[in-house]
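Two complexes come next, and they have one chain in common, chain A, joined by chain B in the first and chain C in the second.
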Partner chain A sequence: MINKRSFLGIPLARRSARRWLVVGFWVLILAFAVYFPLLLRMRPTFFGLPANWAFQFALLLISLLGGHDRRGLVRDFHGRTPEEGPADYSFMTPDDIAARKEAESQNRLDERDVRLRNAAHYRAYAAVRWIAFLVVFAAMTDPSLDFARLRQSLVLLLFLIIQTLPQSILLWTEPDMEEPQ
Partner chain B sequence: MRAELVFLGRRVDMAAQRSRRTLVVLIYAGFAALLAWSWLADHCRTGGVYLIFATLLVNRLFLGGHYFGGLVKPFNGKGPRRSQAMPSELSLVLRIYRPEPEESEYRNDERELDQRNSAHYQAYYVLAVALLVLWELANLQVHLPRILARIGLTAELAVSLLGAGTLAAIIVAFTLPQAILLWTEPDMEEEG
Partner chain C sequence: MNDATQKPPGESGLYNRIAVLRAERGISRQQLADAMDVNYQTIGFLERGDYSPSLKLALGLAEYFGLPVEAIFSRQPFQPLSEQVYGTKPTGSGERQP
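Up next, the complex of A and B:
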């Protein structure tokens, strides 16, 4: 289920290395959650709103973990599965069909991948369900602008957690990769 | 998944997919009506707590998943806690006493575990989209309050709407995987 054997020169074949990466990632996400309400108060600078830059950085972090496209550390969760059968290639030129087949072969999830993906989402779902209660309490607070910023940050944090928890679980739990032959 | 529902001592046949789908539609229609009523009463400030309890009760009595008792087996595969004491007279009169369940009634086999995980995978993205909508609402309140004012939403009303939206998301979060399982599982075969 893991797409890459290294990231920025760091070998990720060993589980312990992947676990360090996950810890680093969550430290950054928590730092983001703490500082984002403060950044929202800052005035626009020459380079624009600091909060917008922080948000872009958070999106970049999410995309690095993968799960939603082919380039991340974890394979695309939405790749074609064995149960889905062959794709529909009607009204496509032979070149387009060849390109699409190539992309699909890189993106295909086998039975084990689908099982791991679904199991990771099951575990993540249980955590997210309870964290969502925090947002209810935050959502019902004071309508003033200060609380609105806090609320926005909390909902954003939950969104980041939802987007990255299954990938983190997979990176954390997958065993050491075998050496390529 | 169980083929029958025991409600107040009465057995209701749920082997047919159609009856399970009807149950799911009725449950969500009920939640929508309760949410609307709670919104009209006081913008879900007091009704919200009762709605969360109603969700837990619906899981306990009909859907299952988190408790032993509904149609879907407990997701964690644990059986109900039972005391060694004799059943009370009241539970016998109301016919709500149920004997110790067999292990197959709460333990998930490999196929059921796969179905459970798959249902959670599908429900996860519904929750992600719901949260994205809530985040947009929170975002508008901070950055573009004029847009909210233009459509008649004051700051107080926007907060109430965010609260109601989050409440709806929590109801969905606690019920959707079970609803997906009940909706998608085909008709059960008769035991022969």
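Up next, the complex of A and C:
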């Protein structure tokens, strides 16, 4: 399910290295969520609103782990599965068909990938359910918490968690990768 | 996988002879993966018993190796080949026992 064997010189074939990468990624996400309200309060610059830049950065963080396209660390979750059978190539030119087939062969999920992908989403859903439960519980039982102040951070954090937790789970749990031989 | 040191299966709880059959036929994981239309890593997980295949993949492997599926996968440890062929128990010293 891992798409790349190395990232910025970090060998991803080893699970231990991947786990360090996930830890670093989540430290970055937490720091970003904490400072996000400050970014929103900054004055607009020549290059655009800080909020715009913050959103772009959030999207970059999401695309880094993959699952959404072919460039990420984890294989694209939307790749064709064995159950789906061949794609519909009607109304396509031969060149387009060849390009599409090439992309699909690089982007295909086999039955184990599909099983892992689904399991990772279930685990992520269970985690998000607990996080949502704790947030709501804290909001209802502790009147001293200033949720108006935390709102922006919480919304961003929840957005990033939903978008990247399945990928993080896969990077964390996949065993060491082997050579093809 | 064909001697008394046969490892217990991984998460799948299934014993298999894929590694032996692959070595016997001199094919790589990648070649087998291409023939089965799966990723080569999936073959590695199958061999280690860390993944239990779908019925479709198990039957595909049986067809590929030209063997019945129960000759490739088993819930019980496989009988060592030496015992099957020669009726001997492996001693670990390389000597054949009557």
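Just so it is clear, the second predicted complex is superposed on the first by the 157 of 181 C-alpha atoms of A that agree within 3 Å, B and C clash if a C-alpha of one lies under 4 Å from a C-alpha of the other, contacts with A are read in each partner's own complex, and residues count from 1 in each chain.
The criterion applied here is as follows: a residue touches a chain if its C-beta (ideal position, glycine included) is under 8 Å from a C-beta of that chain, and two chains touch if they have at least 3 such contacts.
All values derive from a computational prediction rather than experimental measurement.
Q: On the A-aligned overlay, A:P94 touches which partner chain: chain B = first, chain C = second, or both, or neither?
A: It touches nothing on chain B or chain C.
Q: I'd like to know which partner A:P166 touches here: chain B for first, chain C for second, both or neither.
A: Once the two structures are laid over each other on A, A:P166 reaches chain B alone.
Q: In the superposed arrangement, which partner chain does A:E178 touch: chain B (first), chain C (second), both, or neither?
A: second
Q: A:A132 in the overlay: touching chain B, chain C, both, or neither? Say first, second, both or neither.
A: First partner only, chain B.
Q: After lining up the shared chain so the two structures overlap, which partner does A:G9 touch, if you call chain B first and chain C second: first, second, both or neither?
A: Neither partner.
Q: Looking at the overlay, what does A:D113 touch: chain B (first), chain C (second), both, or neither?
A: second
Q: In the superposed model, does chain B or chain C contact more residues of chain A?
A: Greater contact footprint in residues on chain A: B.
Q: Quick one: classify A:V155 as touching chain B (first), chain C (second), both or neither.
A: It touches chain B, and chain C stays clear.
Q: Could you give the residue numbers on chain A that contact chain B in one complex and chain C in the other?
A: none
Q: Hey, which residues of chain A end up touching chain B in the complex?
A: Residues in contact with chain B: 40, 77, 115, 117-119, 121-122, 124-125, 128-129, 132-133, 135-136, 139-145, 148-149, 151-152, 155-156, 158-159, 162-163, 166.
Q: Touching chain A in the complex: which residues of chain B?
A: Those residues of chain B that touch chain A are 45, 48, 75, 114, 116-118, 120-121, 123-124, 127-128, 131-132, 134-135, 138-139, 141-142, 154-156, 158-159, 162-163, 165-167, 169-170, 173-174, 177.
Q: List the residues on chain C that touch chain A in their complex, please.
A: Residues of chain C touching chain A: 28-30, 33, 37-42, 44-45, 50-51, 53-54, 56-57.
Q: Going by the contact rule at the top, pick out the chain A residues touching chain C in the complex.
A: Going through chain A, the ones touching chain C are 82, 110-113, 175, 177-178, 180-181.
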